[in-house]
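So, here come the structures, one by one.
Two complexes are shown next, each including chain A; its partner changes from chain B in the first to chain C in the second.
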Partner chain A sequence: MKILRAIVRLMIRHATVVLLLAVLLSFSLLSPKFLVSSNLVNILIQSSSLAILAIGMTFVLLTAGIDLSVGSAMFVVGVVSGKLVISGLSLWWAIPLALAVGMLFGLVNAFFIVRLRIIPFIVTLATFYAGRGLGLLISETRAINLPESFLQIGSSRLLGIPMPVLILLVVLLLAHFVLSGTQFGRQVYAIGHNSDKARKAGIPVDRILIGVYLICGLCAAIGRLVALAQLGAVSPTFGYQNEFMAIAAAVLGGTSLFGGKGNILPGTLVGALLIQAIQNGLVVINADPYLYPVVTGMVIFLIVMIDSLRHKSAQKALRTKTAA
Partner chain B sequence: MLLKLQNIRKSFGKVEVLKGISLSLERGQILALIGENGAGKSTLMNLLGGVFTPSDGDMQLNGNAYLPDSPIAAQIKGIAFIHQELNLFPNLSIAENLFINQFPIKKLAGFSLIDRRTMRERAVELLRQVGLQIRPEVKVEELSPAQQQLVEIAKALSAHPQIIIFDEPTTSLSRHEANQLFELVFQLKAKGIAMIYISHNLDDVHLLADRIAVLRDGELVKLDVKEAVDIQGMVKAMVGREMSEFFPARKVLPDTKRLLLVENLTAKGFVTALDFHLNRQEVVGFYGLVGAGRSEMARILYGLDRFDTGNIYLNGRLIQKPNPADSIKNRMAFLTEDRREEGLLLGMDIQKNVQLAALSRFSRGIFRRIDRKRAGGQVSDTVQSAKTRYNSVTGQPVSTLSGGNQQKVVLAKWLLTAPELLILDEPTKGIDIGAKREIYGLINQLVEKGSSVLLISSELEELLGLCDRILVMSQGRITASFTKPMFDRNAILEAALHKQSETLPT
Partner chain C sequence: MKSKTDSEALKHNPEAGSSNKLIGNLLRNPENTIVYVCLFYYLVMAFIAPGFFTVNNSWNILFNLMPLMIVAVGQTFVMLGAGIDLSVTSVVAMASIIGGYLLSDMTALVEPVWLRMVMGLGAMVLAGGLIGFLNGLAVTRLGMPAFMVTLTTMILFSGTAIWLTRSQNLYLLPENFVNLTYSSLLFVPYPLLIGLIVISAAWFLLNKTLFGEWLLASGMNSKTAYLSGVPVSKTLVKAYVLSGCCAAVASILYTARLETGSPVMGQHILLDVIGAVVIGGTSLFGGVGKIHWTVVGAVFMTLLDNSLNLLGLSYFLIMIVKGLVILLAALLNLMQVRKLT
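Up next, the complex of A and B:
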């Protein structure tokens, strides 16, 4: 009985991992084509763009902020880099420029949030619309097809590892070290718990918030280039709703929307893998495409429910502890 | 002379909060600073801590002019301020909290990484100094309030302070934990650190202080060595009147009609087989240690928490499933222990807060439009009678009031609706003596108007002075009952402690 309860508690604590395993298991039962190594590698490649995006989002969420503009930022990045490459600019110039555009988005967000003290939700809602419009203006609502050289990056391998996965790995490790191993990272958590307290403790809150939105913009740009290298074209709906996918991945991974709680490794990574595994699995079993968002929504609901259960049981434990 | 203040004045706008204070402090000395809320204690300490700058006067530290322009500047000069509300981040580890703004750093390939080993070593050393034997990797949220306080002190020590200011450090501590804190205070004193100790607990003040300074209305009304001031003298200096006036007799006696009857109330893990009743216009006190189940009982009665078995009757009617909305309809009112979080809308002004409880009585017509004029008039009346120190009933957010005044606003709220059953959970926690007295007066006023009160308090004096009956709880059970005037202080204390030690496991 005691062991059973301990197992249940362990499963609740690692609900996302358990759910990921459950999803892998059920799809593999439904289709023999799902749980094969080539498809698993596929899931990894497909999820790399989303995971990178969600990593940036995690930084923002940890400060109790939110960035709704990343999808639009991705779109602008895609359009700008697409235009540049088509007009003959070499990739060596186009890529840094694209990254700069992403960070510029972050900087604009940070300016309004830090200097003008407008809440992140409103600021990034504005840049979400502005960015989408800007991208449509630049692209004249036409799809931009990218040259073969761009696509080659997407399918190339280094030491046998697909390029998108490699980029994800680098971003993942860097972000993890920044969050857990630097003063900046730990202060991000402090601000997320209570920014007033953080200010009182002498933490440079404004500088850190700027940094966080820059990181989010940069991750959006990197994530977008990775996606571009796989798709080869920028359509007018490119990056659309990706901000919600990124938020979902981070929240699935255990990051709190109230700030101060969560991590990238394993949290956000597992969250992104879970979302992608479900999408991939639904494709493999030939489910109706309109069903995808429904299933994703249900999974988010389930996780949020588990999260609230987890919160409640922690509170109950605390109350009985003080009562004893 | 370590610290010398001469003729310090501070005004906010036209209001002069400090009217020429002169104080001094030497190495290894403990100065207690007492006074009512609003007497100017916090303002004075905020001048020292670099939060405000004085309007006039001279501050010297080690013979040099001392004029910090920020808390960090004060910290660098060696003055640490331990606030009542701890400035810790519960989601981070102890070590991370200790070094939140100056992590030990090592360079790795151009990156500045946290040097976890050095951090751990230094954290262990700091924790040793405060006598906390917990791994520095443990998250602060897993610590008890007392342990968190020690972490805060360790954090202060990391800056090698000459002076530590404690603002009400014992409010969230048990007696035992407070005593451990005092031991630490004496250790720090022996090391030559000077301390300024602010507290409403005059017994503690008398135990700790070398000298006692009493502030009243921004003036230093008494400054003397401990031996020359007793507790009566402190109270008198603080409020300017005698202690016996504290519990004025009520003009009414409890009715024989029963208002509340609780039978065999059990909520597993919290309360067990509670049996008690409350008559009309009666005040029944609940005494017990923190965690004895008193607050849980109150939450159940009001409908905030569920119970497993038992019956609750109000006016002879069985209450099936208590919930807050029905409780309000049944004219119950619950003043929670944590008034800052639950009792008030801190961002709103006094009028809106007071009206909130009685909105329906001020609304007219089919759209239930609020009759602002009538509401406004009644509100000023009630707030006046609550003697709240305020600038304006409208436009001033409640968050800017002191704790005691906030509490009075909460009570004024209920004065307007005149509830039948009032449950008060630690109504005077962290409140100064003058405000306490006014709150006692308000409670009496409510009872005279017809309310019955369940009063939960950890201050025995308060219960002895206010209650018609006192019930003692221990480990979720009622262990003793006393009726006025047969209150026996020792028997009450024993009943609260007795069972605890008897059933203490291992």
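Up next, the complex of A and C:
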């Protein structure tokens, strides 16, 4: 009895992980082709781009900000790097330049948010429009096909680990370390909890916020390159609505939209895997393609619902405890 | 010092004093900045954009404005309650295909056309209200974050609309319905009439009813509102229902104008809607905002789109400029507010 209760408590605490397992289990019951190692590796590879994007978004959300422009930033990065590679620039120059473009996006956002004190929602809404327009302008609204060398990176392996997964791992560990092991990370949480108090306590709020938006831009650029190396082409709708998926992944992983609460490992990673597992599973079981968004929407809704109910019951338990 | 000069001015000429003060207040009031930005922009465009300052284009602006404004007014209620409704685009799509199905001559469900019209339009608004109700319940009863709830209902219902119709449009809508855009009552075109009714109803609800007061209180601080006896949950659910209904009414206008029920109707208006509300000055954090601010915000967004199109800018340049102008408007608004505080 005691063990059972402990298990239930553990399951409630790690509800998102349990839900991920539940999703994996139900798809494996529906199709024998789902829960095989090659497909699981596939899910990892497919989710790497979204996960990296969501990691950057987590930083921003932790400071109670939001970045709607990541999808557009991704698009511009894709277009710029594609153009550079096609014009004959070697990859070793194109990649750092693409990363710089992503960080520039973050810097522009940070400038308006920190120096001019416009709320992040408006700033990033504006850069969302401007970025998409800029990308379309540079690409002349045509799709850009990338040379083979780019695709080879996407399918190459290092020590048996596929390149996209390896990049995800590096970003994940670095981000986790920065957030949980450094002063910067602790200050990010402090700002998210209460930025006025953080300022009074002597935390350099402005500098931290600039750092956070730079990280988000950088992650958008890395995520984009990873996706590019798999797709091999930049279409005009590239990265469209990715900002919403990134936010969804972070929130599914337990990050609060009001700042100060959440983590990258396991939170955001599990969130991204969950979204990708659902989409992959629907393909594997041969579901009607028209149903993909319907099912994805319903499952995310269910998960967020379970998560909020969990918070609610935890709060109630706390209240009765203090009352008694 | 200032009050002294004012009172002296009053002594000499009370009438001029009060009117001067009124104009001064109007000019200095930060909430009017966006109005001046709009006027200034309108004047500049009247000179430089070919065909902007014509009767035809003015009607065009008005017809483009109405649906956007109606959705934004609904969104204002939700934002006043410290929420956000991303699902409005899916409401527009769902209402459009439901209306298209019920109204179309292809299905011809009910014989007299007027009955079909009543049924179809009723069902559209009902569908919007139901989706809003679902959002509201999830936010208040289950304590889910509004952003996530409405994001998932957006994905869910726009997916459903496309799934139900297999991305086919529904044609052959009855004449009376299609003519809605072009016919008028007492020289007022129906879209304008509907827009005016929605604004006045929204203004009345927000300023003259207990619901309005409760909504502002809940948005300002839901905990203190709850402790003071405000039925916070019920109030917020009503706000979401209103937002859904408004989006459905906008869908009626869109569907009538395009003469088709389309499952991707309104797919791109989301950020325009939110932009209109926020540029108008309504706070994303709840409790602060007015209906006429949103109307001005919607006017601004519509002017921007229309004029940039007339200037012959390409689609992507329009997007860049739109982004920059939104930033500029937010900045001007902010500078005014800061000067005063």
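Brief remarks on what is shown
Everything below uses one rule, namely that the second predicted complex is superposed on the first by the 315 of 324 C-alpha atoms of A that agree within 3 Å, B and C clash if a C-alpha of one lies under 4 Å from a C-alpha of the other, contacts with A are read in each partner's own complex, and residues count from 1 in each chain.
Note that in this section a residue touches a chain if its C-beta (ideal position, glycine included) is under 8 Å from a C-beta of that chain, and two chains touch if they have at least 3 such contacts.
Note that the structure is predicted; figures quoted are calculated from it, not measured.
In the superposition on chain A, A:F105 contacts neither chain B nor chain C.
Once the two complexes are overlaid on the shared chain, A:F121 sits against chain C while remaining clear of chain B. In the superposition on chain A, contact of A:T141 is made with chain C only, not with chain B. With both complexes superposed, C is the one of chain B and chain C in contact with more chain A residues. In the superposition on chain A, A:G202 makes contact with chain B only, while chain C stays out of contact range.
When both complexes are overlaid on chain A, the residue A:G260 reaches chain B alone and has no touch with chain C. In the superposition on chain A, A:A190 makes contact with chain B only, while chain C stays out of contact range.
Applying the stated contact rule after C-alpha superposition, one finds that A:R132 touches chain C and leaves chain B untouched.
The contact surfaces that chain B and chain C form on chain A in the two complexes do not overlap at any residue.
Residues 138, 142-145, 147-149, 151-160, 162-163, 166-167, 271, 274-275, 278-279, 284, 314-324, 326-327, 330-331, 334 of chain C are the ones touching chain A in the complex. Partner chain B is touched in their complex by these residues of chain A: 177, 181-183, 186-187, 189-190, 192-194, 197-198, 200-203, 260-261, 319-320, 322-324. Within the complex formed with chain C, the chain A residues making contact are 68, 112, 116-119, 121-123, 125-137, 141, 244, 247-248, 251, 256-257, 288, 290-294, 296-298, 300-301, 304-305, 308-309, 311-312.
On the chain B side of its complex with chain A, the touching residues are 71-72, 75, 87-92, 96, 100-101, 103, 105, 111-114, 116, 269-270, 290-291, 293, 296, 476.
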